[in-house]
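Structures follow.
Okay, so chain A shows up in both of these, paired with chain B first and chain C after.
Presenting the complex of A and B:
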């Protein structure tokens, strides 16, 4: 029995070693996910980006990921583990990994790190994010055209600047069509909690919203909209399959090009720490097909998308009024980048308090 | 034929019968048996998933102990589990059911964080001592709420302590998004980073910190109390025979207060140690359910403080190993929860079967007597 165990252990040891040995000649690219790739939202799109590295650079790079990593002390250990196991480039794909990423980066100066949606950078830590608010502006316009009640419901995750920015852009877009458009907000206090997201959608619909949009990661809200016969928008990925009649369009996060570029940069030795905040112009934010809407609404959405892509239109171009009535940007001005990145106030017309 | 089968189904019952005496040896071996069963069934599941079972089990249970880095990480993970687990072990031993350690942990972290956040300029070793005391105090006070509800109104403490967890988490959430938000943090939900004497002393280049010493000392002290003091005797008597305890003059009410204060205080201390150690600031999420996992730890450790140390380390390995196989073999992170669930299931099953035995009883519908079918 003892001998059997010894043999078993040595077989296991050898196979464990051989797993690491294969990795030696390729660049190992690690990913840390906040949720499961099966959320069909935020993490799903990051995983699509990871697969793009495998597909396009598979000869020189290989990828590995860890899912459901909580934003706490575990994150630091998980990132350290990836670095220790020879990853040369590590993407940490949620805001809460910011400080853990910096701590690990300080101990592994030769490993490159890429932190999504954060603001702290060092020589081997880049940050990247996308101007999702550009897409929010487009769906806000569509919402105001399609809504009969003039009220939309917005399911927020956490009141951080990225989410508040999206809410404001949505309402600013809607107000260009209907100046009296109203927006109700419910906070789910989670990025991924399908049960709670669905409940929030039901509450908003019962309060008179006939358009549902969300800044959470699952498809629960659009499924509720489909069942209750109101319109909805997909978030992070094309959610058309989950609500074929209710979905008007989706805001799609496209990380694939960025991930492939950054991996290529490490392979070429040209990687430097940068801050990327790309929008429709950089193809990091894409709009899904415009469906379930009349031709004139579709035409308007396409025109707006084109104008934002070309830089002709900025969603936060003045005049922008805050909720308290004060002026945030005058006519002819644009809300500056610093204010956008730290946004902690609502625009006029949001039916909620921060 | 069908009718006969139906009758058989009706007439044969499976019951649990208390064994006249339980085997002391088996009592000791029950956790080991549960671990072996978990490993065997786990291996079968790996095989069913098409993964090499031996490699997977090696990566899961042995690999975390093969490098100093991962041993350190196991200890860092085991620290809070042991600290909370020993408090809960005493609590459960006395038949007091504190299920809300997670909430007490959260409030302890909040109370202790008062010093770095409101008196950031007070830098001295005493600041750290005060933080540790406030952490324990916060957890203990929060735990006294279910104790008070139980002793004054007879409210079930399992429900109240569990529900208070969500209140505590929302309280923390409110603080880090509201008054205690880092003013230079772009409105992100985080407090300022703790500095200097507001952080626990560390050693090595890894993440080993002073909190591990606290966990070890707490376990040893509680072991001594349970073994050699009147209080320990009282806890055992009140827990196993409440009526006998009452005759001996031990107060059930005082026991509830004591257990909640103790386990809550230790959970609060664990929370403070997490934020002043591995995390270094307040944020919405400070614990990956340590307070709930510690319940498994307490039972796996036979409600014995020394046993809890080993159980804490085993559970910590299950976390670290679960992460390892996720990276090396691409197995879902849910596997960690599954192993922990299996472990608790098997240990409860083994315990039950040591105290009871299964018996088939067949009842003849027309007869009033019952007979045993062997």
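Presenting the complex of A and C:
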């Protein structure tokens, strides 16, 4: 029922947008969001990127967006509507839009598509993602230094490679400081349900976790951490305002430069289907200020961030052991990109099963 | 605080908004009206409650504002369905859409602002009792409100003249009208009561559960409340049991994940729904009992013949 409503809402919204669409000579850039831009997390950062297009290329391009689009068939309808309305470039900003994006792209060969965090490409579908796991490695190290109980709680959304990769990177970072560090994982099975995210945080804290981190889109978990006096990390966006005493740092997604570059490429006619997987080196992943921690922990975090940015340190550098004890990457090797993108196993030490 | 206490506290927090929204809808449906706009009324309560609390600095004023926001939204539903005789199902859906959209508009200036949390009750000595102190004497006030409302609704429906009239209107509005009861007025009052409790449920989300305003923060709880009313076969006691069953299974599912029991999380997430459906099936095996409480005029409009 809820899905039906959201669909109706998105269709209504698209219809409303089509009325306001004027100035046919400008390139129209469409965005599909999984949540509301006001989530102060994932969608908020994508919307910042969209606004950057308006600000920097406003003379040649205009943007439209549809928020709260559920993953699945509803997404396909919404993307089709955007394409029919003459959008020349469409960003679909959630993993679950992968097949809908490809289906629509096959019907509109002249429209360029950009799908976030996916792995399927065609001539007019690019994929892009960011190496958030680099940030996860840094916060894992901080967590292990700051935790008294030696247990962290991790709130996941869905067990997809992107999230599993983050969990593994977090624990690998933590294990460089404390080899016995424990990680409890709770899946919210939703990207955006503040109540459920808060429940998960409370449950994890009651089970002994004194560090909370999350791969969901709202600020609820961070606020629970603030209320209960444990530490937390911001996800996707700087969440310091929501937990001034609990927040240690945030992993910030920076899509603005990428979105502006790709829009410019369409304007120039130089757009080609590519796969972008940028990290700290490409400034797509940024760390928020390191606060609420002693100077030595801050120095360690800064050193690690610098080492990852320069490429000197790779979070998945061997030896990396899988949960079952088998070797995923030997000493001197690095887990290869294909394995990272399709990661469906935990590293040793995760207290959960996939 | 022991882990068992923490679990029970979390279960109560998860269940209370469901109970609040559902107890009002139960009265509405008992009077023969099907209001599918719970989600919309809840989210309006959440945003107005947050806004009022943020502006005035008083969580209680927020609660009052949320209640009135819920009533105002429900009266719009009442005007459309009772006076203008629109289809109740379609109007309810429209109210939900309107609420979700309008609340986003009202709340756009309040996103990311610090919230005011409704303080927990603290009774000297009693609240500090081991094990039961915080559980029984240290909750936030709305928990007690939700339980008191459930008891009051149960008593009113079964033991008072007012309850009898509400049930008569819901069972057979033509007969109730022939007996001289003002069917539409009774239904308006019930709809407003439903709006008030939905508004309270919204306030619970934005002032207690997660003290902040986030667009769409009800995340489908209104629909769960609606299902709970049917699940309870329109009986307040069962409704409370159902709300706590749903909240309990929900939280225990999260808890089991944190323990690393190795059950797939997708299965655990579906457990509250499975448990509710199972309970529903078991209850409806007694067909006669279910039929007795089902309001016979549910969802039908009433035009008095003059």
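Here is the rule we use: the second predicted complex is superposed on the first by the 333 of 354 C-alpha atoms of A that agree within 3 Å, B and C clash if a C-alpha of one lies under 4 Å from a C-alpha of the other, contacts with A are read in each partner's own complex, and residues count from 1 in each chain.
One rule holds for everything that comes next: a contact is a pair of C-beta atoms (placed from the backbone, for glycine too) under 8 Å apart; a residue touches a chain by one contact, two chains touch by 3 or more.
None of these values were measured; they are calculated from a predicted model.
Annotation: superposed three-chain arrangement on chain A; chain B versus chain C shows a clash.
Of the two partner chains placed by the overlay, chain B and chain C both lie in contact with A:68. By the touch criterion defined above, A:40 reaches chain C but does not reach chain B.
In the superposition on chain A, contact is made by A:189 with both chain B and chain C. Once chain A of one complex is fitted onto chain A of the other, the partner contacts of A:84 are limited to chain B, with no touch recorded for chain C.
In the superposed pair of complexes, A:341 makes contact with chain B only, with no contact to chain C. After overlaying the two complexes on the shared chain, residue contacts for A:99 are found with chain B alone; chain C is out of touch.
In the superposition on chain A, A:351 makes contact with chain C only, not with chain B. Judged by the touch definition given at the top, the superposed model places A:226 against neither chain B nor chain C. Clashing C-alpha atoms with chain C appear in a single stretch of chain B, chosen from 132-140, 204-212 or 348-356: 348-356. According to the touch criterion, the shared surface of chain A, contacted by chain B in one complex and chain C in the other, consists of residues 8-9, 12, 36, 68, 159, 189. Against chain C, the residues of chain A that register as touching in their complex are 1-2, 5, 8-9, 12, 35-36, 38-40, 68, 153, 156, 159, 184-187, 189-190, 192-200, 202-207, 218-220, 223-224, 227, 241-242, 351-353.
The touching residues of chain B, when paired with chain A in their complex, are 52, 54-55, 57-59, 62-63, 69, 73, 76-77, 170, 173, 177, 186-189, 193, 205, 207, 274, 278-281, 283-288, 319-320, 323-324, 326-330, 332-334.
On the chain C side of its complex with chain A, the touching residues are 1, 3, 6-7, 9-10, 13-14, 17, 39, 93, 96-97, 100-101, 104, 107-108, 111-112, 114, 117, 205, 209-212, 214-217, 219-221, 223, 250-251, 254-255, 257-260, 262, 265-266, 269. Across the complex, chain B is touched by residues 8-9, 11-13, 15-16, 19, 36, 64, 66-74, 76-78, 80-82, 84-85, 95-96, 99, 107, 119, 158-161, 164, 189, 341-344 of chain A.
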